[in-house]
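What follows is a single structure, and I will ask about it in a moment.
Order as written gives the chain letters A, B, C and D; numbering starts at 1 within each chain.
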Amino acid sequence: MSELEKKVKQKLLDTRDSTTLKVRVDDTDLMQVVHFKNYLMYFDQGFVSFMDGIIQGVSNCVEKGIVFPVKRIEIIYENSAKFGDNVLIETRVKEIGKKSITFLHDLYRESDRALLAKVESVRLAMDWNTKQLLNVIEFFANYV
Amino acid sequence: MSELEKKVKQKLLDTRDSTTLKVRVDDTDLMQVVHFKNYLMYFDQGFVSFMDGIIQGVSNCVEKGIVFPVKRIEIIYENSAKFGDNVLIETRVKEIGKKSITFLHDLYRESDRALLAKVESVRLAMDWNTKQLLNVIEFFANYV
Amino acid sequence: MSELEKKVKQKLLDTRDSTTLKVRVDDTDLMQVVHFKNYLMYFDQGFVSFMDGIIQGVSNCVEKGIVFPVKRIEIIYENSAKFGDNVLIETRVKEIGKKSITFLHDLYRESDRALLAKVESVRLAMDWNTKQLLNVIEFFANYV
Amino acid sequence: MSELEKKVKQKLLDTRDSTTLKVRVDDTDLMQVVHFKNYLMYFDQGFVSFMDGIIQGVSNCVEKGIVFPVKRIEIIYENSAKFGDNVLIETRVKEIGKKSITFLHDLYRESDRALLAKVESVRLAMDWNTKQLLNVIEFFANYV
């Protein structure tokens, strides 16, 4: 691994991202708490925020045809968020493989910092036009 | 207007489509009824079903790069659907313009045929690659 | 109409609310722009923001069992938002009836202030437990 | 464990449920395939279908105030579904604890039976009014 790649890897592992979003009415369901599928959208926003810090805009990547499909997710639900809550999402990298990168996301209710959910997600980087997977470190080396 | 175009227009105006779908847990919100935005998705399924009857698959159109953006919607909400309900969607064409087609959708709770909502929606036909609007009658003439 | 009610009505008619939100990946669809149903969720956030300015928290109302069902919506779509865009939502009251209140929402792409959609929405105020409609002015008079 | 409880447990472990649903336009995102959060809604439909076979209607339970919160999910994504696809969901029980029940869901594209995703989900049974967890076997013993 080159010096640049080591530096990139270290930067990714050292980055801590923290972002907040408001629960919307349509995020809730008849149990009057957020439907469990919507936590995926919350930590997806954590990913977007993390990436915005590193590469100045996931949406720019998407425009260039680079996308980040999710390969695997594990969520443990601890508490429920409801309408009116703000959700705090803390995101960091757990490990970086050749073709994948594993994130950890902790979701909290902002008001009392109650843990809502713990998430581990594995993502790939892919050229959307060719459907080829990218080497993750090489991809980030273009930006960091 | 050619004979073919008259025939196409008449066929569209005469078609009545009826389709049913089940309310999902995640369609509901904290009021324990379907969130009002989801009725748009219900009548969108009415549109898809209508078109499947005419052109054998909206998804085929989409693959060929023809899409049907919505230009205008009006919805009047009469009753609420809840989890466990089946929603019956009746779709017909109200009028056909050069570049637009107006649909009427009546949404019913299937069990007691209570009217849930009345919808009027105006759609365009567009070549997704060139972003050019298509002449609606000409578009359908390829299929009918 | 009492002095208080006139004052409440005037305050509602004079209020201008403006709020912004970020388009999420899952708001888009295969046309690579925001799915038309999601504009309902955007202007719903405009309503929430407007109400937060007047009554310090729609979510508090919801907890007390007061909800705001939508009776009628009209949307005219002018342009499309995409991932990476911020949507600016400007909300004001058009008119106030006995049992309903009509809002106007203009949705803009924040970067170039292109108009995305114009919305007119009629809402009711309802006691969720009794399902009784509330007199709108009286409801607001408790807060203003 | 009583004879009844053994019978209930065996019935749950022996049941195989299979249900199909159509991908909707609004399930897709800008990658033109189903957004990863929507697979949660697909296997949630698998759960609903499984339960409908056992207890004649999850929605009836919900009306009686019994809900089934999700405690943990793991998903491995293998392929992407797109608009026009039908998704086949096969659901079975992996194991039954005192307060939890673990489901396995395999999601397939119906046309070519390509595996889309493998899901393991842990659910609880809860009295929504008291927020008390129910003993899973006892709960099902009322129905089987």
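Going forward, a residue touches a chain if its C-beta (ideal position, glycine included) is under 8 Å from a C-beta of that chain, and two chains touch if they have at least 3 such contacts.
Everything quoted here is computed from the prediction, not taken from an experiment.
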item: Centroid-based (C-alpha) most distant chain relative to subunit A; value: B
item: Residue-number overlap at the subunit A/subunit C interface, same or different (half cut); value: same
item: Inter-centroid spacing, subunit D versus subunit C (mean Cα positions, whole Å); value: 35
item: Intercentroid distance (Cα basis), subunit D paired with subunit B, Å; value: 30
item: Two or more partner chains touched - positions in subunit B; value: 25-26, 30, 37-38, 41, 44, 62, 82-83
item: Graph class of chain-chain contacts, one of line, ring, star, complete, other; value: complete
item: Sites on subunit C touched by subunit A in the complex; value: 24-26, 41, 44-45, 48, 57-60, 62-63, 82-84
item: Partner subunit C, residues of subunit B touching it in the complex; value: 30-31, 36-38, 40-41, 44, 62, 67, 69-77, 80, 128
item: Footprint of subunit A on subunit B - complex, ascending; value: 25-26, 28-30, 32, 35, 37-38, 82-83
